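Every chain is named by a letter (A, B, C, D, E and F) in the order it is written, and numbering of its residues begins at 1.
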């Protein structure tokens, strides 16, 4: 009982985070019909800056890290990415009114990762003084790529089976390549490489890092506005998407939290790391996932998966998921 | 005599302000035919940042302010906004060669408020070490909305009277709503709400505030370039617009200065606050006013009011108005 | 022998500079087919910021400088600009497979100056603690304008001679004006004027200067991506362009280094100044040069000169030229 | 095999885009395409892209493909009647051929 | 003196631009012109310019001038066949007159 | 009730926009509309929007509606004569119908 109360208190405290405030602010002004527009160039630039910031920092951390420590968390990240898609395949994609390939694509998007959600969690952890290995954000691609690849492969298998006859093999490398070449992963990997191989400390500390928090606030605002704007799109598809999008971020996060806890026991994975792993799992991709899926599963209706992710999945992941996983971590690890 | 000399010295000193220098620099390079272009995305973003900076700061200040102190200045702001439009209605709009609705629209624009002019004054006050209540810039909408609404209502009345017969009531709420939903007011109000209801101190101090002065310098440059570019447009309309645009910012500012002085006597409104109130009055809207008026008084010719405001009104308000009101404040309040 | 080893060590050390790393990173991700896009608005803004930073700093320096000291370096800058074009006229433009006017335009572009290359050198000099007179970057137009003007005049003379008959005089002022009005030079000159005539210290130190290094890293990334993307264009023209573009930056830099050394002996021009003069000479224009030449020598094929400059000239100037001139300076001036 | 259809083009101020879109939808068109534009007409230059302090006044070019000539005429007439007294703008029609008439 | 030519217009999702361009080139067209567009059709609104979290889904309008009517038909047919089952898009043809037929 | 008019379309390098606009105005046209464009032609790809180090070389598409066919021909001819030897570009004409012929 006491524990529950403690948990609730911590949970509620997280709501005062400015990241959440900007997200909710964006939803409110969109709902009120505001004509405020953040130029697309600024949005793209802010995302780029976030990913470079995460990448460079991760790269510099890996330089000094014991690579062995990364192994288990990375494996768990990949495992979670696949698990999410498989669970979606046998739940959402089977539901009445949900076209199978639309359901699979949605599961793929929820298995993939959102850089802004990740960044919001990093800022909130910092505010709470909860430490994590600096390479944890670099687990991003380990979860993102397997999830997208598996979703596309499953959709392909399903569609081919339906058409019968046709049984050409699904080729995996083109999907991985497409994913790596997307703007999000290539910025992150570029940052990683720069952090790992060169000495960008000065430009990191004088530019990428100090602008991080501010640009994140702007991204949160945009995500909030987008979430509201796209609600319409979601309304036109089956209600199951709404249910899935509300439940999945939390369920996925809890699965990842459990696996992260195992890694904590096994190799001393940090509490902050466990929380971030849960956030990665709970987040759904907003930038590079959609085009990859659009090209990989062209028959799937983008309104279903983008609507579910942008208008419900992401707000739930940020506004409920992150506070939940942090509060859980504080209780579990007694920090 | 001594007083006048003192005044003039102070007036001239203000001219070394970098804000003015960027404004004049912009006019000069435009006049010299420079092909320099600041991308529109950067312009929009800079305006957004300014308004958020002003809003958040105001919101945080209101949190701790005695709301009673705001009452009189807010009422005076609204009064000045209306007064400006009424004065314009019986002067400019009556002049020969000036189409009545064009004159009313122009008065509306001069009654409304410019965020960049306001920001320039804030920076100059800071340079002079003149303090003001941090909520003063948040008086913006109290002057802006009444001015725009009144102008649209007056134009409507005039046009309906001319057409005779038709006497459908003018509906005020749609105009207020349109104004609140515009990009400028919604950014300002969003900032206010965030400052008032959440704890954005860190992101304010690490992002919105430090970039304020620099982005303002870029805005000043753009305003200068625009002022020169739009001179042509003004040339095509009656000369009276030029006269009005040159005189109005100073006259309006002086009226507001007087009312602010009353507030100073009555409730201890700060000298810096009185000066900023004058600046608000002297400024004319450049971002949200024009589209509101274009939609609200469609028969008015935008070349007349935008030309008058952008190419003469704003430069006069910034380059002469601000130094004038500051010097006046220094003399009157002996600071 | 020892000297050579020393030189090579210093040369190699320069390769760890983050500016180079971003340049190479850009080339690599472009080669790997990355879809990363930095919005054009950000690119334009970054260039503007760099030029303002250089201009304002130069202007503030000139305020306190002994103008006499600038005379010789400025004269040498102009001399080098012309020399480069003349050398290109009698080498590249004479080669088989190279259309004469294409060769002249290419020489003009290599005689002109690149702000990003200059900025990269400034950051690298700073990292090495090598000082230079703050007005040196302001030598930019002294080399840029003469090179572009001379190239256009030479092309005109050539084309008119070929057409015989026609011998209307070539008018120089329009070319100079076009060049001064271009976005690059007008930003630089605006900055210079603001630095010289006003007191922009605060906005310089709080905005233009701190963002310099970070925005440069982004520019380097873009230049790298562009260099790779444009290699195709170069492939379609004669191979001689590739040879010229690889050799010219180093040769031009060495000529300028020699002249700078003379200025060092004669008037005590600083070692850092000599190095920067070499960098100016070694760089080739990427922003304002191409449109000026496109308008001034319309018959020349832009694929040849832009391809040569962007895809080979600039990477060579930054990745080999700057380290080379710095290492040379360290040896020659024993710093 | 192609079918005749009519394209209505409307070039006008961005600020009235929502109103024009409403007219198009109410006329029963199956869709429209819009492109940002600059231009010069009887009411002066309208820029697009560069930092106009008053960006709302740049132009937009809207195209509607209609399978019925009457619908095309109605859209053009209604837009002109509703806006072109006060807002700058032009409108014109073109004959085009479409592949799948049921789309329009 | 002008010559008849056919213009093919394709308005579709930006994400398939590369594929459409390949079809155009393989059909032997001498070039094409592309413009960023927004729009509304049977599959909903596609914005352009404003910060869409999923920008890849805004529209593009592609024009190809061809000197042969067959080539125009082929391009229109192939694009429709390859993409319009899964991607939103329309295509139409117009008769135009060119000055220098050898360009196309 | 509509009236025949001719539309001239010019797709060319942005850098010569001012010169083309001058030709259009001197020919007596009542206005023009310009749209940023990318494209591919005999002289290679011209991008628009993405960070081109040399942005001045992206394309622009200019449309002019003229009430007289002669004016249309003159504009097309003069632009081609003045620029198309050295600059890349194409131009074509289309028949359109306008509602208010006095506008053009």
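FYI, contacts are C-beta pairs under 8 Å (C-beta built on N, C-alpha and C of every residue); 3 or more make two chains touch, one makes a residue touch a chain.
These numbers come from a predicted model, not from an experiment.
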Smallest number of contact steps required from chain A to reach chain D: 2
Each chain counted as touching chain B and chain E at once: A, D
Label of the chain whose CA centroid is most distant from the centroid of chain A: F
Furthest chain, CA centroid comparison against chain E: B
Length of the line joining the C-alpha centres of chain A and chain B, rounded to whole Å: 43
Chain centre separation in whole Å, for chain F relative to chain E (CA means): 19
In chain E, residues with contacts to at least two other chains: 35-36, 49, 94-95
Overlap residues in chain B, where contacts from two or more other chains coincide: 37-42, 44, 211
Touching chain combinations (by label order): A-B, A-C, A-E, B-C, B-D, C-F, D-E, D-F, E-F
Complex contact set, residues of chain D against chain E: 2, 5, 7, 21, 25, 30-36, 65, 94-100, 103-104
Complex contacts: residues of chain C adjacent to chain A: 16, 18, 21-22, 25, 28-29, 32-42, 127, 210-211, 213-215, 217, 221
Of chain C, residues touching chain F in the complex: 37-40, 42-44, 222-223, 226, 233, 236, 286-287, 290-291, 294-295, 298-299, 302-303, 306, 310
Contact footprint of chain C on chain F as seen in their complex: 13, 15, 43-44, 49-57, 85-87
Contacting residues of chain C [partner chain B, same complex]: 39-42, 44-45, 48, 177, 180-183, 186-187, 190, 193-194, 197-200, 202-203, 206-208, 211
